[in-house]
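All chains are identified by letter, namely A, B and C, in their written order; residue positions are counted from 1 within each chain.
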């Protein structure tokens, strides 16, 4: 791959970076060559890390997602990979529209040159004099807190919205695999590693952690399907930096 | 900028945007012309505003200048500002008011935690409207201000005390919002004798 | 108040004093005339401000009206107010505005889904700048707040209604993906300096 020697560009987020790579390398957005894109993407993220730039968790989550799509697309039956790629294409097109419109808005900012006035201060009594039904107040309260009444405000997490996802790092999964598998040579069911996964991101991270450990010969996989067994070849958890899991 | 008409318009725009009375010199500096020419310019502006019967006029206050609405339109201005003051509360304002009313005294951060967004502006407006007021400070690091409702708040909702506000549904009850509201509304229409809480 | 000229002056005085965008109906109520006559009056006011080359102009923002200085005098006004000229918004802010403007009302999570990054800070800034405001809540678990654009947004982007915003790209069009991407890249031009957010 060509060396990127120019000053690292700053991107608004993983979508911005992906669009840039697709455009730069003339990739087909409607049929993304996933292996190429993963390589380009991870190469860029690595450079960000080497340049000591702050890498937002969103970039890492996208890396995990791309690697997952790549992994799935290597399987003999790859309908899922096609679906995942289509999903990504849709999101990229949507974000491309967003950038396009943002650019158009940025070009018509003449209105920011028009100045307006503060309201004049005249002596009027600002006291509110309308009347309302007490039930309007309760309706407003229930509207904020929802059907389930709470004594205390719920944690901020509860208000983060409906599609917020929790990001699981591969590194943390490597640690938890070591913990789960216990001593060197002890055999465990492969599937058991995924038993307590909480989300898709969790599953992906666990899977990537297994691949990483197998690649670096810390872990041995045997058998297939439900019969697959897994055991540790190493005694301790070495330092796996998050940069190594490509 | 060369011609006098454009300079006059620039002076008008500057006076309009600044709002407050402003020194002749500052206008002159912004227009990059002499103070004397600026004075002449402002006299012309004033004359032209008068001539065309504008609702705005130029005031000279000592060495400062300010655009102002003409005194004769004070009733209309007052009427608009009064209508504006009494515009119905926004949904955001209602929500903040409800959170304060049912949990008082509360800090701003409590309200913000419940609503999930910054509420400084809304709380300030409610204070101005005298529906909410400061109620001391919380004995915690930073000593945050506490807010509670006012007597005007009680009048606004036609209740004589906070106890008369509709009761919130039971914490464990699986009752829907609609059912709770219906019950509260029915209660309001046919009050069973007032009982002590 | 009888004659049209005086009514026009009163409308001008009201718009001047209120400062903020104001509903046609509220002006009509203050002048005690019909909304239709008020609209005609405001058109005349706008024309007469243009005609005499005033530094002030009348803007129509949705169903609201507001007086503002003319854009060409921005340098003089900035000089007096001592404001530096920098890019009005960051690229992130333009992107968030675009998503909100074309999909409103929307939740924060929708915006974050499109952009792939957290947007809380940017949305808070846009609310502070009054370009975006709360528009109720979505009836879903967590009751997320909805956001939409304001009359100030219309003023800043020089349109009098949302329909006048640039059209979204047509996906059925035969434009090649490369061409569209290049256009997007060119439009976006990652700004080198970030400004205060």
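Methods note: a residue touches a chain if its C-beta (ideal position, glycine included) is under 8 Å from a C-beta of that chain, and two chains touch if they have at least 3 such contacts.
Computed from a predicted model, the values in this text were never measured in an experiment.
Engineer: Which chain has its C-alpha centre closest to the mean of all protein C-alpha atoms shown?
Structural biologist: The most central chain, going by mean C-alpha position, is C.
Engineer: Average the CA atoms of each chain to get its centre, and name the chain whose centre is farthest from that of chain A.
Structural biologist: B
Engineer: Counting contact pairs per chain pair, which pair wins?
Structural biologist: A-C
Engineer: Using CA atom averages as chain centres, what separation in Å is found between chain B and chain C?
Structural biologist: 20
Engineer: How many angstrom lie between the centres of chain A and chain C, each centre taken as the mean Cα position?
Structural biologist: Computed from C-alpha means, the inter-chain centre distance equals 33 Å.
Engineer: For chain A versus chain B, what separation do you get between their C-alpha means, in angstrom?
Structural biologist: 41
Engineer: Among the residues of chain C, which ones contact at least 2 other chains?
Structural biologist: Within chain C, the residues that touch at least two other chains are 16-18, 67, 69-70, 77, 81, 137, 144.
Engineer: Identify all positions of chain A at which a residue touches two or more other chains, and write them in rising order.
Structural biologist: In chain A, 115-120, 122, 143-145, 159 touch at least two other chains.
Engineer: So in the complex, which bits of chain C are touching chain A?
Structural biologist: 16-20, 57, 59, 66-72, 74, 77, 81, 88-89, 91-92, 94-95, 97-99, 101-102, 107-110, 112-118, 137, 140-144, 155-158, 165-166, 168-169, 171, 177-178, 180-190
Engineer: Provide the residue numbers of chain A that touch chain C in the complex, in ascending order.
Structural biologist: 9-16, 19-20, 22-23, 26, 28-30, 56, 58, 62, 91, 93-120, 122, 143-146, 158-164
Engineer: Would you mind writing out the residues of chain A in touch with chain B in their complex?
Structural biologist: Contacts found on chain A: 115-120, 122, 124-145, 147, 149-151, 153, 156, 159.
Engineer: How about chain C: which of its residues touch chain B in the complex?
Structural biologist: By the definition above, chain C touches chain B via 5-6, 8-14, 16-18, 22, 26-27, 29-31, 48, 52-56, 67, 69-70, 73, 76-77, 79-81, 124, 127-128, 134, 136-137, 144-145.
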